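Order of writing sets the chain letters: A, B, C, D and E. Residues in each chain are counted from 1.
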């Protein structure tokens, strides 16, 4: 099976006011694979990730040029942003469940889409929680506040919340950086199983993590994508000197 | 020259309320060396570091037992905490210059000690900034607000501020984690030069950084010090399986 | 019920026992603070006799009473002084419904008992400034007056005869009550309030030997008195308003005026 | 050296705190000391003014076996009255009357102290035929037009016993309470908040969530900020000229509430803005991230999360309504009666206290009202704390 | 393609409808704000307009006597009195309030702070009339014993009453501001061997400056705008620039409240003019303090 590109990014520049945070980014993101963005702090990983579901729209003074296409549609064209976001889900660095019950957290997105039927919602909640490997842990406390969960559980709940929308892509911005090792490994396992159905893009600070879980890796430096390739190539035979320096721990 | 222990930590336990954040920690910190604390998030690195100058005193509900001795004096005994802190300086994760001029930032500590003489202060400021490799960059803007400096410069200013107290030990809690690679490497160079005069303890998330700059390394896991040794030993022949797993990126 | 909706009130039948024709409607009155007690008592009695009447009185000041009677906010406005020239120009109907004495008050600790109108004028003009000149102790006189525009002040200045020459040194207190409290709190003060506000926290002086009583005002021996006036636009009066005015000016109403410490007009 | 200096400064700090607290204690002591004596049950349930009624009924012979003790043991005794002459039961009217002394006004009155179950008095009608009913505690003023003032208890009893057929009594309900002011205060709170809270909260949502930062928002912010510094007397002037005179709402609780609303708006807008801004962006991001629309995000996530802050703003506003006097005096009037429509005037507790101090020099009563107000404010503060705590618990 | 926009759905309509509801409310708020401003200025400036047989603005602003009956409407002595009273209240209330806030936020044991804080907030809830009554009953009575005049109503009494009244505002705003100072500043200072007091005065208070100033602004607003309390203790004379703490003053607000019920015609308009002067006062103070805050921060 030939790899199909889910996202196609061409000559993308992004400015925060006058500061150019992304510089001529060209990148393809392959369908049903895990793509990792690595690079030192402030290099623009989160910025690019948030371009993919137009989350940057929320920030005042952001200007963008270039093309970001999802399945060949330019998402910066005249599209329905809300629909885009139902297709491209997102999980954030800090677990951010809503201050409501676990059930309501998962049902939030579908309800916003107008799904009211209790049975449908019940089913969706159960399915999503199972996919997020959280069902067994929370099935008895579905109606308790999600804020009472542990950090790792909260993060899986957020993944379940994203999954409940049945998106095509899931974006994850350092999803494990606030978690302990055990929770981290659970989430990594989860990603492994999710990639059968979803295209996953993950930002991570940990090269080990990128090496462990991703199929493709893009290395960022100061707003540029220095190199992108299949993960093993990046870690074993980087083409760029800067990539090599970073991989071998000469900085960062 | 035989290594002398600057800090001697024995059977230290620390509780945040009922949560035991440090468990029977035993550790020696060698004079005029760089000691790195590594370990996954939440394992107690910062907590131990803050024990060394009793910064934890500020937190409500902290209880401590065990011994932390500086040059053979138990710092949790009947000592003058303020004097302790002049001897054991600290640099934080996020640069936290005071909202005043660069000059006043550096002169702050000495002034608090009662030094008023302008010439003495001038000299001290210049010397500290030079030690922190910042003099050339700020000498023309000493009277401008420190908040106008870049992140890396701010962090070096904070180091200069600590140095101005002419302490014996400098504690650094992830001093480069908020900085870009260039600023990071500058600070690493700086540490290299500072260790001739000072005992340095640094918490870091980056194993590469620990490997690059430290002489000794302590590996933490869930509140315990799993292993501490000279850095090359930790990274090449760890005695504990968990250390090895962490070093080789199996978690964290 | 047998209320007389919109019917006319040919006749004032209050005071008789049975078979009353009552009026209905709303009376909004307001104005002078000094007339408040009288107005409230008569309105209450009137409303008791005519249960379908609702009545309220807002004590917002004499000038406000005239102004609001003109603008229609009040159906009936009251003033505790004579209507001024420029107010007369508004073409409102005026009616004096009572007279009032103004008591000159001092602190109960003050030894002075009597004062002349002449002395009052001198004190308020700032020409006499020490109690010893009045036979009291050697202490400064603290002159307390009311706010500009107050009916009580207007009347007092007019009667005592020092119009617009109030000493710059006077303390201005708002309302009869504040004059009273201010005088009660300091033994060197002198002030003036409506008769209706005399109580035991203060002492009313005799003026030229005459005691501050209703009788003495009626027999014209007590000099410091003034009229209570009501003003209204004729076509702004509803049935209830008309009937009320008749009631107030009648025997019943005037009896209440007297009960409340005012001096009836007849 | 440093120690000494630190200690001196510490001493000054503590001294300042002692002064602040001392002032508080002094003020509370003053208010409670002056006012406490005035507070009784009557104070809360009575009208401020006494009101008179002419009520008539037909004499009937109602026997009663009420005991002597019971006759003395009526409700009025808890209030501000002392019995001077023991009440006498009169079969003709099915009730007892006695002579009492008003401890506050220091005068004596004839009071109907007891009304038997089937007494004709409870079916008494006013002159329009409306049934009002004579109640225990009413003062008796006239019998068939004849004043009772100068008569002895026996004479009065005799007159009543001898009258047969229709009897008309003039009775007076006892005043001296602040019930109407309490009711007016409640109306004022409901009305002003009913107007200002929705407008203010929705306006704040617009400013935080919709408006692009720029000149317009800055202008609005500047306007609201300067407005919060304007003395309320100026609002009173505006309310008087605009609502009272121009719109012809007259001196009424409506004019008062509208004026108060304008006073409250800046505070409500500012505090709501702060509460909305304090909602972590992560909630917004998460909501948009699952494809919620802006309105959905506002309604389901942002406003509920900002609720404690908004509620606190509302409660602070209530405090402001309760404490306001200058503006209300000019717009809502001074009538101490329960307003029977939006267009009747009424005085809140604070206005009444102000009025009593200013016009009647009745400091004790003003302080008594002050006590009620202070208690109200304490209750409100506690509610505000509880709300914050409740919501905080929900958050962690 | 299913990502395409569809503007005609119910959902978008609803979104837009509510957006306009929000906007409408914002405009109502703005309009009422401007209506008041416009109205007060309109009425207040009317007497000074050329063409009307009004009053000279110069006489108004520089006059030393307020005798409406004699057509003398000078408010300079009131302006001076207001400024003195406000400045005095700030000079006393701000330091005491600030230090109390420091005590509550930094020094007091948690339990004590939890008692003092609500107690001080309670002070803010007491209707100002009662402050006036308290001032008349206690402060004025005490001052009378020391005054060279035979009475206690004075500038000093006004200052004291106002200082008490601005205390709660200053305390709670300063306390909030002090609490909001990032703990990193405090940690940074303590880690340098500064004592607690040094940290408070050299780092925390300067860093909390803008919040504290905001409290001061509100406090000034309250001091200038306060009517009912000062009216009872100021003396409100009809003329005379105060030259000592014992002189009586007639604050601008009091002037309005005293006579509004009684005034008509030009007299009433000139009371509005007094309101305009107050308005301008507050604006100027807001503006300068904002400027100061901004300058200090940049």
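The criterion applied here is as follows: a residue touches a chain if its C-beta (ideal position, glycine included) is under 8 Å from a C-beta of that chain, and two chains touch if they have at least 3 such contacts.
Everything quoted here is computed from the prediction, not taken from an experiment.
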Central chain (distance from its CA mean to the mean of all protein CA atoms): E
Pair of chains joined by the greatest number of C-beta pairs in contact: D-E
Centroid spacing, where centroids are CA-atom means, of chain C and chain D in whole angstrom: 29
Distance between chain centroids, defined by C-alpha means - chain B, chain C (Å): 82
Rounded Å distance between chain B and chain D, as computed from the means of their C-alpha atoms: 61
Set of chain B residues in contact with two or more other chains: 112
Chain C: positions in contact with at least two other chains: 60, 174, 178, 181
Where chain D touches two or more other chains at once, by residue number: 2, 293, 330, 357, 363
Residues of chain E touching chain A in the complex: 1-6
List of chain B residues in touch with chain E within their complex: 53, 55, 58, 60, 82-83, 85-86, 89-90, 92, 94, 96-100, 108-109, 111-113, 145, 158, 161-162, 165
Residues of chain E defined as touching chain B within the complex: 110, 182-195, 198, 202-203, 206-207, 297-298
Residues on chain C engaged by chain E in the complex (per definition of touch): 60-64, 66-67, 86-87, 139-142, 147-150, 163-164, 166, 168-174, 178, 181-182, 185-186, 188-189
Sites on chain E touched by chain D in the complex: 11, 14-15, 18-19, 21-23, 25-26, 28-30, 32-37, 39-40, 43, 95-100, 102-104, 107-108, 116, 118-134, 137-138, 164, 167, 171, 195-198, 201, 217-218, 220-221, 224-228, 232, 253, 256-257, 260-261, 271-272, 275, 278-279, 282-283, 285-286
